Structures are given as structure tokens and as C-alpha cells.
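Common to both upcoming complexes is chain A, partnered first by chain B, then by chain C.
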Partner chain A sequence: MLNREIKSILEKSRKWGWVLEPDAQRILSLYGFKTPKFDVAATGSEAVAMARKIGYPVVAKIVSPDVVHKSDVKGVVVGIKDDETLIRTLARLSKIDGFAGMLIAEMVRGVELIIGAKNDFQFGPMVLLGMGGVGVEIYKDVSLRMAPLNTKDADHMIHGLGARKLLTGYRGSEPIHLNALKKTIVIFSRFMMDMQDVVESVDLNPVMCNAKSCIVADARIMLKK
Partner chain B sequence: MNLKPLFEPKTMAVIGISASNDRHPANVIYDKNNHRYPVKVYAVNSRGGKLHNEMVYPRVAEIPAKIDLAVIATRAELVPDVMADCIAAGVKSATVISGGFSEGGRDDLQDRIVDMAREAGLPFIGPNCLGVYVPSRVDTFFLPIERMIKPEAGGVTFVSQSGGILVDHMIKFAQQGVGMAKAVSIGNKAFVREKELLAYLSHDPATKVIAYYIEGFGEGEGRAFVQAADVCAKPVVIMKSGKTAAGNRAVSSHTASLAGDYASFAAAVAQHNIIEAANENELVSFCEVLSSYTRPIEGRIGIITGSGGHGAMAVDACSLAGLAVPEFSDQTRTEIKNGLSESVRTIASLGNPADLTGSAVDDDFVACARVLAASPEIDCVVVLLLPYIPGVSLDIGVRLSSVRRQSGKPFIAYVPHVEKYNMLIEGFELNGIPASSSIEGAVLMAKALARRSSC
Partner chain C sequence: MSRQNVRELGRFFNPRSIAVIGVSRESMNFGGSSFLHHWLKAGYSGRLYPINPKATEVLGLKAYPSLRALPEAPDLVMVAVRADLVPAALTECADVGARFIHVLTAGFSEISTPEGRELEAKLAAIAKERNLRIIGPNCMGPYSPSSHLTAWGANPGQDGRLGIISQSGGVTQRFTEYICSLGVGVSKAASIGNAAVLDSPDFLEFMSGDSEIDLIAAYLESIRDGRRFFDLARRVTPRKPIILLKGGQSRRGAATVSSHTGRMAGDPVIWKSVFEQTGIVPVTSLQEWVDACLAFSLLPKTRGKGVFIVGGGGGNSVLFSDACIRVGLDVPTLSGRSMDRIRSIVPVAGSIAGNPLDFWGTYLVNDFLFEALNAAYEDANIHMVVVDRLIPRIAFHSPDLTADSLTEIVDFIRSRRQAKPTVFTIDYDGGDPDLIRQGSDLRARFCKAGIPAYPSFERAIGALARFYRYCRRFGYAAGR
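Take a look at the complex of A and B:
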């Protein structure tokens, strides 16, 4: 169910046609997804205080209603280890169009997956699972299924991935927490059913999956026009 | 929505009869049904008069009988008035043959007749369609009777958005010896659509397999359809066109570009226990086998062949189709060997495929088939039957069918389809073993049985 806060964020975002990342993260965490610790800073001193509280290393990202694809404007910096780099990063990001703050989040590690969905004209919400990162549209290693989904559906989707071995432990790598992944997929499909009247498409990319959990490290929520 | 009067009409009005043109669609429909099918046919034209000495009624209301099915073939602009007449006269169903509605930009006209029909509860097929063909019952196709090729009565019902594709497949079904229960051309599918037909056909005793040719669904219609198909006890087969059109729209997210229209279609369909046929050959093969066998298989195929090359081709096709061709155990091999004739025993190779060689006779095929029919190692038998092998007789199909019947395991045959071999082919098909005209086709049939269970 969508609570009042989620609804008010969606209402506020309508003018941009999409939901800014801090707002998207807030919506997801309210809905029950695991998200990284994060905060948004406008000044250097704020940034430093926040990063110290979260704990280095951190990732810094541009927050701007003009920037849907953050990496296209070099708006994402990962692995920031000290105050100096952080302040330098803020100085650079603040020059990007529409700068509305810098999001600082804890670094999460794991296998990068994409969990996405689009509102299909004929079939309604369709959920996608794939190996994430920038290569997602090159390899096209994805599973697709109509929402809502149960755990068995989620299992089918994982088995439909060519690279599923990377999830279950390959050449000494640690297997990811498959039940956490399935749970994330199931919650996401329910989220899409709840959001189908307002949302056009959603990318959770990347979702970082490791042996302990699956964390939504970035989210793009595109609203219906 | 009661569709029975549409498929089993006792009385029928053909509206839009021409006084001067015998090739007018309405006249063709009138002629082909009148005195040929167990349905009383009435001609209607607002001008009245006579057609070949039979009465032409000016309006449906003047026909001295309740009409089960009205076939409307007037100009599009006249259809709303005709439909109003039909509703007033208590007509139970209709098919609107006329074109000139949303396909020609006249959404307004189409919306009008839909609103009228919905309010009155008058189910209609079309507009812009051929309507329905039910063997020995009714035929609203405006194709002259001498031009049509009609398959025998059987278990396949084919519902098509395109009339042309439908008629083409009737030819293909006839060629392949696949019987049809109904053929339905739904055209613009303004009112009765795939889902309503599914609901009716799932309870239609004549229909064993429900096949669709689909170009696209309306908003949310695909979702409702696949969910209904999922709980339908009968196999549903879909052939889709328009798979590539919308791929290159500019999209703002990864998911939207990866989950294109066709990708979503294929995924939603497969997820709901619907079998998608990639092309016409698959469609015909799938329909044939699914109307013969209702029980799904896991997909462990035993192959019997009279030629090593055919066996190898079949194994390749199986592995492409995701079917297993497990090697027979020593015990199974010994059992097969013990049943073979002396001369074949020494030269046959029995790994799987069981290659009985060109020296094999009927008895060898039957003996091998008996062992495989009983073996738990495989759950479907594909027989690659070469009628030119000297030891094979015309009885082979009949004899293998009786082995099949005793075991209950599905058998599928490949036999080259030329006129010379017809009696042999019918020996299979008339006794319940589908016979494909290609090795690949035979394997596709097995794939359809396996897919039915995989979801």
C-alpha cells in the first residue's frame, strides 16, 4: 500500500516527470526495500558531517531535476575515502545544471543486478531481472515476467538468467542470498501493482546483492505523463 | 454472454442481399448456407422483392421466426440502423462482415454499434471480418463455396484477427489432416474478442485445442486474456505477428528498452501456460499433436528410425527444442535386440535413436516400439518412418497405433507426405498418431507436449 508520505512525494515529483533519487530512495525504504544509508548535503561542512556519520568510503551523486542519467554528466563518484576528496567532488557537482544538492551514501558491495519494470500497454506491469551495471543493454541477459509475482515466479526469473551461476557462487566467489533476492523481486512486483496508475517505468539499478542481503543502490522512477 | 446462437444457429438472417449481383458477399453467404447446412436462412434487403424465387424480407422484424444469427453485410453507414432492427427483433447474435469502421478511421461508427450491442446484450463478431465457420453447421465466410478448402471436422478451433490468415490455415490444416471444430474471424474485434471466445470454447465439447492468430491486444486486454488462458483446461496456442515494429522508440529507462512490446508479449504468454507458435509450421504441428494427446510430457524422447541420417537430424532438432534424447540403458537395448529379426539384430544400433536400418521390416518397428512404449526411460516416441524401405508395409501405421493405444504414451510419426504414401499416412493419423511431413515438424509436436507442462 502507498502511504501518505509516498503519495505526497509522487505529487511533488509530477512537475519533473520523474522522482529525484533521494525521494525515490525514501519511497523505496518506506515500502520495505533495503536501501543504503544516505543523506543530502548542500555545503561542504554538511557533506563532511554526513560522510563521517555514514562512515567512509562513501559514494556521492548529483541531485538535479535536470539530470535523469547521472553518469552521463559524470555525476556519480564512488569510493570517496576522505573529507578533501568529498569537498572537491561537491565543488564540481555543484556546477552541474539544476544542482539541488549532493547525495552521500554508504558504499555497498555485491553482484550488480537490475530489477526493473514497465507498465506495458497490453499486459500492465512487467517485471524485469537482469545482470546490472552499464552492460545491461549490451548483454541483454534478462528475465521478464508479468506482475504480480510470487516466490516461485522469482525463482523462475533467476533461473532464466544466462549468468545465474554468478549468483550461486562461481569460481570461489561467494553465493548471494537468493531468498533476499527473491523477496526483493516479489516486493517490487507488488510495488509496481500499487504504482501502476502513476508510474511509467522503474529501474532499480544497481541492486547490490551479496551473501547477506540485496540493497537498492540507485533507483529511477519515471512517472506517467 | 451467450455465444451458442452464433456457432449453432437454427435460424439465420443475411442482411444486405443484392438483387442484381450474385457475387455480393451477402448473396454468397446466403447461397452457401441455404439448403446446405441445418439452418433456416432468410434473405434481407430494405427493398424487399425476390431472390431466386425466394422471399427477400425488407427488415429482420418481418421474418416469421426468431433469428439466432444475423449476418450483416450492408455498407458500414447502414449497420447502426440494421443493428437497431436486429435488437428490436430480438436477434440473439450477429456477425458484422462489413468493413469501413475503425480500420478505415471510422471509430465513431464502430463505437456506436458497440454501445448499442452492449446495452442490448447482443454479442457480435467483427466488424470487418469473415465471421464463423463450423463444419456441418454454418459458414458465414463470403468466399464462394467452390473456392474454399475445408478441413475435416476435428478438435482445433482457430480464432484469427485476420480472415486471410484464417483461410490459409484452413488449407494447411486440411493438407496436414488436422480436423477443425470451428474457424472464427474476429476482424476489428469490437465486441466479442479473444477472451470472450476463450470462455465459450473452453466449455465447447467439440474444441480440444484453442488456437489464435493475434496482431495485438487493446489496453490491459492482454493481461486479462493470459490470466483467463492460464486457468483454461484446454491447450491454448498463439501465433503473433507485429513482433518487431515498436522496438526502436526512444525510451528513457533500461527496462523499457529491454522489455519491448514483443518481449513482454512472449514473456506474459509463456508465463501463463500458453504455447506460442513461432510460425505457421509450428502452429499446425502444435495444433495437430495437442488435439491428439492431452497429457503433457517431461520431454524425454525415444527415436525409432530406419535411417541413421534421419535419426541424427531428429536428435539435433530435439536438442534445439530443449528436449532430451537419453541414451537407452543396457537392459532396454537388450530387450529391443531380443525382439528384432535375425538379420536386423546384428546391424541395428540401439543407443537412441534406435536405428533399425533399411533392412528392417514391420515386425522390427513394432517390436522396438513395444519396448519403448513400456520403458520408463522415455515419455514420448518419435518414429521416423521411411515408406520406401522395402520391408515396410502399408499396415505399419495401424500396427504401431495399436502398440501406442495399449501403452498410452504419445507416439509421433514422420512420414514424407506424397500422394503415393497417403494410405500409410492415414494408417497413422486415422488411428490417433499424428504424422508430420518433416522431421522438424515431428520434433515440434513433441516440444508442444513438453511446453504444455513446463509452466
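Take a look at the complex of A and C:
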């Protein structure tokens, strides 16, 4: 169910056609997804205080209604370890068009996955699971299912990936928490069903999965025109 | 459409009377008159009403100037007038209380002009406003051999337990001809064209509740309400398999879809996931479609993927084994007991006792074949059997090959009630007319006796692989 706060964030975002990342993270966490600790800073002193509270290393990202694709404008910096780098990053990001603040989030580690969905013209919300990073574009290693999904569907999707061995432990790497991933997929499919009249597409990218949990590290919610 | 309303679609396939708007007095060209002609020839026993204001008689039938002049509201009206005259014809149908209409006419959204799209929207609006059930436009409409409603499709066709939903009359024509010639009959087929009013989900829901239909074969290019189709298919496939030939899975094919039925084909990746999620059985050609329908219609459920291969000779046995593995089936080792039985009939030299079983004797002496089959039927490693049956050829150096051994084979397999799915392959698709005829005669005799027979090993196991995956998915067969 979409509660009042989610609805009001969506309403506010209509003027941009998409949901700014801090708002998207807020929506996801209200809906029951695991999201990283984060905050948004406008000044250097705010940034430093927030980063210390979250704990270094942190990720810094541009918040701007003009920037849908943050990495295209070099608007994402990972692995920031100290105040000095953080302040320098803020200085650079604040020159980007439409700068409305800098999002500071905890660094999460794990296997990068993509969970996405779009409204198909014939079938409605379709959920996609794929390996993240560069791999998704080269190998097109994805599985697709129509929402809503149950745990069994989510299991089939995971087994439909060519790279599933990377998730279940390969050459000594630690297996990810598969139940957490399945749960994330199931919640996401329900989210898409609830949002189908409002959104065009949603991409959780990356979702960081490790032995303990699956955390949505970034999200793009595109609204219907 | 509500459940009860869907049930009334049965009227299309069993009408007591049919009026045809758009018949010519002279021309027998494709259209209203040619449909009338075929219905008469097929022995349609209901009342036929040609509508033509200028004629008193068409094909020996009394003609009427309009629907209003008819003594009754016809169960079915076929509209075959020019596209721009269709809306007026539909209004007339509604006025006299004729609600079931097949619009043969083309020239709607598929011609991709604003006028075409507008006419189709008008057709749909009239249907909605006047509560009409319309098949079409731009299609061949209903087909049912048991009602002698066979103006298109295999004629006379054969009554059976197959339901067909199709966005192509041409594809369905070939399909029904092919499958009926092998003895697998059709209960009902609907060629739905642009599907402006009644779409594939409506007929899927209707056929899923039709006790005369066990298996649904569909040729689709597009669906307006994919979600409804998906939900229905998910409910239907465990009880009634759906074999779906999806058109427009390539860029060129998809472009052709829009000029064929005026619709969008959709993303093949999405369709693939629809197949996976619903358990619909996808096929990619007319041959695969027929092959799968033979297997699904005639075979008992398989409990696994282990294939026993009989006959073929040495090299063929090797190739057949490769082919089985390629499609995801297995060629397991026989049990010790089966091997003992088979060794007792197979000579040491010139044959291979095992799986595949390469033993000329199974071809010459039916009792050898039956012993091999019995061994396989009782062997827990084996779930399905493919027998490569050769056409008698002069080259075989055996004098006794002209004797008819087929009747005995059929009787044997029938007496075992297809203990495990058993199919035959009988080759020949080269250019020698005599071998072609022998091959197709033998295949037809097997199929008509309820035993699938395929023109190649690859086609046989293609069908068996689909059949196995279906059985596994719905819990009949083991394996992942």
C-alpha cells in the first residue's frame, strides 16, 4: 500500500517527471526495502557532520532535478574516506546544473544486481532481474517475469540468470543471502503493482547483495507523463 | 466479458441460421458467395440467408433484400460488404436482434491509414453500444467440422477435441489441413483477425470452459489485454495445454504484423517470460505446431526424459543420441534385466544391443520389436520410446518387406495402451514420389490409429521435448 507520505512525494515529483534520489530512497524505505543510511548536505560543514555520523567511507552523489543519469555528469563518487575529499567533492558537484544538494550515503558492499520494472503496453508491470555493473549491457544476462511475483517466481528468476553461480558462491566467494534477494524481488513486484498507474519504469540499480542482506543503493523512479 | 457472457460465444460455432450480407449474384470470387457455396457443399444443415436487395435467388437459396425481411433473427451474420458499408450493416444487425457477427471485410486498422483506424474504432463503438459480439474484422471467422461450418480450413475436416484461436486464416488453413489429415480433429477454430471486439482472451476463456476441447492451439501476433490473457493462461495450462505459435518475434516479422492485423507484436523477451510463467508451450513453425499437437493429443503423460531409441542403424543411432541430448532429453542405459532380454534376441555381430538398440531384426520380425518394447516399458530408466521405422526399400536386400506388418504393430501398442509414450519416425522428404507416398501413407496410418508418427527423428524428439517439459512443470514427470 502507498501511504500518505509516499503519495505526497510522488505528487511533488510530478513537475520533474521523475523522483529525486533522496525522495526515491525515502519511498523505498517506507515501502519496506532495505536502503543505506543517507542524508543530504548543502554545505561543507553539514556534509562533514553527516559523513562522520554515517561513518567513512561514504558515497557522495549529486541531487539535481536536471540530472537523471548521475554518472553521465560524473555525479557519483564512491569510497570517500576523509573530510577533505568530501569537501572537494561537494565543491565540484555544486557546479553541476540544478544542484540541489549532495547525497551522502554509507558504502555498501556485495554483488551488484539490477532489479527493474517497466509497464509493458500489452502485459503491464514486468520485473527484470540482472547482474549489475558493465555486465548487464554486455551479456544481457537478465530474467524477466510478470508482476506480481511470489517467492517461487523469484527463485526461478534467480536460477534463470547465467551468472547465478556468482550468487551462490563461486571459487571461494561468499554466497549472498538468497532469501533476502527473493524477498526484495517479491516486495518490488508488489511495489510495481501498487505503482503501475503512476510510474513508467523503476530501476533499483545497483542492489548490493552480500551474505547478510540486499540493500538498494540507488533507485530511479520515472513517472508516467 | 463476464464468465456467463463468454459461454455464449459457443453460438458462433453452432449457429442454427446464418445470414450473409454481401453476396454477389454472379461472382464466385472470395467473399460472401464463396462462403455460402462452401457451407452448402459441406452439408451445413441450418438455414442460410443470402442478403442482396437486387437478387431473388443466390446459389439456389431464396435471397432477401435486408435482414429486416428475414423470418427470424439469424444466429450468426457474416458481413462481407465493403469496409465503409460495415458500420451500417452492424447497425442493421443490432436493429433486428442479431448479435453474433463475423466481419470478413478487410480495410480497417491493418491498412494503417487514419480512415482505416477510424472505421475500426467505429466498429468497436457500435459493438459496445449495441452489445454485439463481433469476430474480426479482416478474418475468416468461426470454423467447426461438427457443424459443417467449414467454408475455410480443412474441408470437410474432422471433428475432434482441439480448439484453435488464430490471428491468421491462412496459417490456420494449413494447420487444420495438416492435422486433420493425420486424424487429429478440431472441435472449434476462431480466426479473429484484427480482434477489434472479441480478442484471444475471450476465446481462451470460452475454450477453457468448453468440455469438448482438451487442447488449445493458438497463432497470435498481438494481444490487447495481455494481462487478462496471462492470468487466464496460468489457470488453463495445468488442465488444458496451450500450444502457441507466436508471430512477429523478429524485427521484420513484427513490422509485418502491423500491416497484417494492424497491431503491435510486442517484445519477444517479454513473450518468452510469459511462456515461462504460464506454462504455455511455445512453437516457432507450422511443423512444430503440428508435431506438438500430435504428441499432446495422442500420448499419455510422460514420467521422465529417458528415451529408448529403436532401429535406425549404427550411424543414425549416434546422430539420434546426439539429437536427444541437444533438446534436453536423455538416452539412459538400460537396466540389467532389460539388457538380458535384449541380448537374448540380438545377434552379437552387426547389431548394437543397448540404447539405442540397433537391430535389423526389430524391423523384419514384429516379435523382436515387441520384445524390445516390452523390455523398455518395464524398465524404470525408460520413460518414452522412439522407433525409427523404415520405408521398405529395394536397397535393403530383404525379400519379405512388402508384407504389411503395421496393423500388428498398431494392435500391439494399442493393447499396451501406450504404456509409455511411444512414437514412430518414418522418413522421406526427398524427391522420389513413390517413397514420398509410402512415407506419408505410413505416417497417416500410424497417426490415425493414435500413434504419433513423424517424418524425421528431430521432429519427433522436438515434440517429445516440449511434451516432457510440460509434464515436468505440472508434476507428471520428475526432473528439473
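One rule holds for everything that comes next: the second predicted complex is superposed on the first by the 223 of 225 C-alpha atoms of A that agree within 3 Å, B and C clash if a C-alpha of one lies under 4 Å from a C-alpha of the other, contacts with A are read in each partner's own complex, and residues count from 1 in each chain.
Methods note: a contact is a pair of C-beta atoms (placed from the backbone, for glycine too) under 8 Å apart; a residue touches a chain by one contact, two chains touch by 3 or more.
Because the structure is a prediction, the values reported are computed rather than measured.
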Combined model on chain A: chain C and chain B, fit or clash: clash
By residue count, which of the two partners contacts chain A more extensively, chain B or chain C? B
I'd like to know which partner A:K183 touches here: chain B for first, chain C for second, both or neither. neither
What is the contact status of A:R26 with respect to chain B (first) and chain C (second): first, second, both, or neither? neither
Kindly classify A:K70 by the partners it touches after superposition: chain B alone (first), chain C alone (second), both, or neither? neither
Which partner chains sit in contact with A:D120 here, chain B, chain C, both or neither? Use first/second/both/neither. both
Have a look at where A:K34 lands relative to chain B and chain C in the superposition and call it first, second, both or neither. neither
Once chain A of both complexes is superposed, is A:K61 in touch with chain B (first), chain C (second), both, or neither? neither
Intersection of chain A interface sets (partners chain B, chain C): 120-124, 126, 143-146, 153, 156
Taking the complex as given, what residues does chain C use to touch chain A? 222-224, 226-227, 230, 264, 266-267, 269-270, 272-274, 276-277
Where on chain B is chain A touching in the complex? 216-223, 226, 251-259, 261, 263-265, 267-268, 271-272
Residues of chain A touching chain C in the complex: 120-124, 126, 143-146, 153, 156, 160
Could you list, by residue number, the parts of chain A that touch chain B in their complex? 68, 114, 116-118, 120-124, 126, 128, 130, 136-137, 140, 142-146, 153, 156, 200-203, 205, 220, 222
